[in-house]
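Across the two complexes that follow, subunit A remains constant while its partner is subunit B and subsequently subunit C.
Showing the complex of A and B:
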């Protein structure tokens, strides 16, 4: 784009064509006051606060709506402008109450600031101000003070242009205008809280934070949201070591300035009653564990950990290192994951994992950062539902489609909220993703003239030849494509097939391509990068590459592939695995298998759970150790775009930091490294983890930085197994629901109003066969587990499948899944 | 909220209206008018039905609807009397005539008679100043009003 040079208050500035004068002024540090203008929302021209004088123009102009022009001469000071600013402010303040002493916005209020800087000293208003409703709930989490609203329309424009659902509007425009929703319904969606941040006055306030603290008394900590893999940037405000509120902290490369409601109100787990605060021994499991000494009651966590790791060592010596295992966490920091894998590999085992699905490190094509979505002309979603899984990605995709000319393609087994933005939506039958992905890869390979045979078969997918052809064509003819796939929603080895598909795309000579592995867990990418895997060391180094492993990890580093999480669970059941250590994970509820997982864990000689909240799994543990978790911990996480960012400590905990605890154990095992600060762990990561060479705490800074591509060796998938005959059973798809009632959002959560009852989404024809109609209660059974749900018939998936959103821990839908991660069959009967 | 049903007639009319506009949203005012005429009110249910026809949010329909004074959220009488009170009519004595009309109908300005026959509202200039004082009853303008003429007009409406 060509540049334009203009003068603002005598300062020359050159900016790209199309820039608004108000933004150009910022570049030369000229402050033009605004109310309605917001960089991310775009011009509105509604409040008139930004009036400036432009040479050769007869009237004052609004700087927020005016594009820069060559040789334009702008004046933001002088009698004319000042008079206008005073006038606008006097008018804006006509009916504005004198609330500052009791207003939550006080101290960070643009109306206060602008009035102080540009406003008239007093008012000529001689009448009573208009009275209006104070403090009405706009939703369970947002309170609106109608007297304070200055009708700038930022919030309604946000609803229209960013959320794009026009849920919040200006009613009764004119003297009686009011910001409201349809028919006084609550304003609730996934992104409602952002209007609090952008309201330039104290009209829209955070109900949870109201009257809790004055803003200038807050200690603000620049940190990251811990609730999904987007890792949005937030400011966490605390006072006297107590959590107060969360606000967005704009970072274009990550969140584009917004956070979702789960980010804003979903952090009360930090002060949950269920928080684990001390090490303890449960009287569970086998009464006489192998060589288990007396556990010191009330001992500090570090003493307990030292003891327990010694027992692990003894077990490993007695029964061989295959008899112990570690289940890490995709929610923990890179530092914690790194140190833990180091610890267990020091014990001689590769029985290390963090997930219940298959995934491998690295990508055969570029790992795109989230921002690349905007300049890709095609985004292909595979098995992704960003709205529920990675909310901020949903806003980014909507922005790309509506403002950047990006076309959205979707390959999924269920309908999602983003479908209405998609140019092409191809739906496959639940459980047939392997065939669907292969068919696309083979179609593209054929276009390339390659004679590749993936023996793909459209038959089981239910996709028509035509649809597949259009999809192949759309991908082939793209100029720049970004493939976003969710490995956690792909059954069996399909994520390997996606990688094979990506290598085919990479061979199309005419297109630029990249991918985003979009698993929902907060640090899913980091966990893979840090080698919390049975077959890879950190940075995608395969365990079989013994030369490289020995070079990086020493002579004794284990080079035999370990057990995956599901294999460990199976071995625990058979008695071959004696001891398991679990860090911040709740396999009993989150892994497929349900009761089988419980039985397996009960069968262990020793189960140690190091977690921040009590879970179904901690109940089964012999030893429970406290983990501080987000808010209290510090370190880095790697988001879905491969961006490494710093999660900072906001609150002081009583327990020892996780990384320090692991360090204590490493020492106990004779490891010599010592880390005085968590940044030292990061230093070691940069030395030991290929891809993280450039990462250090200074570089991570405030905005984070991309790690280099982690190497990935191509693992070829096996043949697609033909599905067992259905026998009237349906294939189960567990969908994600953002506001599930779990340990993070418990019953006391501010977001509890979003909790939903259990439901099953059926296709018309299946509903007919089973003989159920909308609203019927059904029992769903499979894999020895049974659960109840209410039927909705809406063709969300094709015939032969059922979609069940995971709405709570209690619901137990994962129990229906096969422990090995293959597509699960369920029986549905009227209850 | 109950589902709002358009009649078959209305559905046909809606298709005709929609065909006129390249952008669907443009049909919002005509559809609101259609409903207001038929029901003498635009209910929330109707707003939802319109929003579905046009692929916009119900909130947007309400925001547009609430800007215009001729769409009503409470049911109005069979005859909607809009009495001009702007300057020309004011100078020609509309205040007294408005009072007279209200007394005659036995309601206050802004109200509807109990038989739902008449609703009386004040209105700003209706662009018929040459015939001030004037009022509008549904789609008909009545100018050069006097008390007598008003009585006659009201009686002539059944």
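Showing the complex of A and C:
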């Protein structure tokens, strides 16, 4: 794009064509006051605050709607402009109540600031100010004060252009003009909270934060949201070590300045009454071989941990290192993951995992940053539902489609909210993702004339030949493609097949390609990078590469592939695994298998759970250690785009930090490294983890930085097993629901109004076969577990499948799944 | 010599003159604690929180006093008013209002910053105590006056006593 040079207040500035004058002025530090304009939302020209004088133009112009032009001369000071600014402010303030001492925006209010800087000293208004509704709830978490609203329309523009939902609109005309929703429905989509941040007055306020503290009393901590893999930047405000509120902290490379409602109001788990505050021994399970004659009751966690790790060592010595295992957390920081894998590899085991699905480190093509979605001309979603899994990715895709000319392709087994933006939507049958992905790869390879060593069958997928053909054509003809896939939603070894597909795409000439592995867990990418895997060391170094492993990790580093999470659970059941350590994970609810997982965990000699909240798993544990969790911990996390960012401490915890606790245990095992600060752990990561060489605490800074691509060994997937005959059963797809009633959003959560009852989405023909209609209660059974749900018939998936959103922990939908992660069959009967 | 004697007597009389004059004038000392001094109206002594005509608290918990306080001796935690049963006029009130009188330098900035004339420094100067804890003035201490609340804020923004 060509550049334009113009003069603003005598200062010359060169900006790209299409820039608005108000943005150009920012570059030369000329301040033009605005209310309605927001750089992410675009021009509105509604508040008239930004009037400037432009040479050769007869009247004052609004700087926010005017594009720069060559040799333009703009004046933002002078009698004419000042008179206009004073007039606009006097008019804006006519009916604005003077309740700044009461208003939550007071202290960070653009109206206050602009009035102070540009406003008239007095008003000529002689009458009473108009009264209006003071505190009306727009939703259970947003309160609107209609008196304070200056009708700048920033919020409604946001609703229309960014979240593209038109949740908020301007109703009525003239004096009765007001921000509201149609039919007074609550304004409750996934991104509603952002209007609080952008409101330039105190009209839209956070109900949760209402009158809790003045803005200047807050201590603001720049940290990260811990609720999904987007790792949006947030400012966490605290007062006297108490959590107060969360605001978005714009970072274009990650969140584009927005956060979702779960990020804003879903952090009350930090002060949950279910928080684990001290180490304790549960008197459950088998106690004989590893009982603690003198478990340090009421002792600090580090003393307990020292004792426990010693017992782990004893078990490893007695039964061999294969008899112990570690289940890490995709929610913990990189430092915690790194230290934990170090600890357990020091004990001689590779039984380390953090997930119930299959995934390998590294990608055969570039790992795209989230920002690249805007520059790609094709985005291909595979089994991905960003609206529920990674909400900010959803906003990014909407932005790319509506403003950047990106085309969205979707290959999924269920309908998603993003489908209406898709250029092409290809739906396969539930459970047939392996064939669908292979078919796309084969089609592309055919087009390229490459020879491949696998074949695919479109039959079980239910995709028509034309659909697959047009999908292949769309991918092949793209110039820059970004593949977004969710490994957690892919059954069996399909994520390996996706990688094979990616390497086929990489072979297309004239195409720039990249991928984003979009697993929903907070630090899923980081956990894989940090080697919380049975067959890979940190940085994607395979355990089979003994030379490199020995070079990086010493002579005694184990080089035998360990057990994956599902294998560990199977071995625990058979009694081969004696002791398991679980860090911030709840396999009883989150892993497929349900009761079988419970049985397996009960069968262990020693189960240690290091977690922040009480879960179903901590109930089974022999030893429970406290973890502080987001808000209290510090370290780095890697988001879905491979960006490493710092999560900073916002609150002081009573118990020891997780990384310090692991360090205590490492020392106990004779490890000599000592870390005085968490940054020292990051230093070691940058030395030892390929891909993280450039990462250090200074470089990560406030905005974060991208790690280098982590190399990965290509693991070739097996053949697609022909599906067993259905026998009237249906294939189960567990969908994600953002506001699930789990440990993070508990019953006291501000977002509890989003909780949904358990429902099953059936196809018309299947519903006819089973004999159920909309609203019927059905029981779903499979894998020895049974659950109830309400039927919704809406063709969300194709015939032969059922979509069950995971709406709560009690629902137990994961219990229906097969422990090995293969597609599950379920029986549906009318209850 | 005679001259020197004159000068001596004259100076003596001048000196005694001052003494005699003061003997007849009103004494500046008071028989404290039997007699208490009346302080000027703008004297900055102990803090109080005002109530309005309806008996509601004036304070809306805006924390401007606390942010203006040069020594940081005021702590305010606000809360939302129950519209049925309001504590103050307006939407918020101070749930916690504490002043540390030991730390306070009695500069009166809080009084000046207060947008609703709630906090005032009055003429009460008897602040001695044996226990440091008693110097943390909480809301119930600040809202209780030694005499019936007969104060109003005049046009100058000063709190003055209503003489009946």
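We take it that the second predicted complex is superposed on the first by the 826 of 831 C-alpha atoms of A that agree within 3 Å, B and C clash if a C-alpha of one lies under 4 Å from a C-alpha of the other, contacts with A are read in each partner's own complex, and residues count from 1 in each chain.
The rule we apply is simple: a residue touches a chain if its C-beta (ideal position, glycine included) is under 8 Å from a C-beta of that chain, and two chains touch if they have at least 3 such contacts.
Just so we're clear, the structure is a prediction, and the values are computed from it rather than from any experiment.
A.B. asks: Which holds for A:135: it touches subunit B only (first), subunit C only (second), both, or neither?
C.D. replies: second
A.B. asks: Would you sort A:182 into first (subunit B), second (subunit C), both or neither based on which partner it touches?
C.D. replies: first
A.B. asks: Let me test your reading of the model: by the given contact rule, A:210 touches which partner, first (subunit B), second (subunit C), both or neither?
C.D. replies: The answer is second: A:210 touches subunit C but not subunit B.
A.B. asks: Under the stated touch criterion, which partner chain does A:702 make contact with: subunit B (first), subunit C (second), both, or neither?
C.D. replies: A:702 contacts neither subunit B nor subunit C.
A.B. asks: A:174 contacts which: subunit B (first), subunit C (second), both, neither?
C.D. replies: A:174 sits against subunit B, while subunit C stays out of touch.
A.B. asks: If you stack the two complexes on chain A, which partner ends up touching A:99: first (subunit B), second (subunit C), both, or neither?
C.D. replies: The second partner, subunit C, only.
A.B. asks: Classify the contacts of A:165 with the two partner chains as first (subunit B alone), second (subunit C alone), both, or neither.
C.D. replies: In the superposition, A:165 contacts subunit B only.
A.B. asks: Which positions of subunit C touch subunit A when the two form their complex?
C.D. replies: Touching subunit A: residues 60-64, 66-67, 77-80, 90-92, 115-116 of subunit C.
A.B. asks: For the complex, give me every residue of subunit B touching subunit A.
C.D. replies: Those in contact with subunit A are residues 44, 47-48, 56-63, 66-67.
A.B. asks: Given the complex with subunit B, which residues does subunit A contribute to the contact?
C.D. replies: That would be residues 165-174, 180-183 of subunit A.
A.B. asks: Across the complex, what residues on subunit A touch subunit C?
C.D. replies: 99-102, 106, 134-135, 210-214, 216-217
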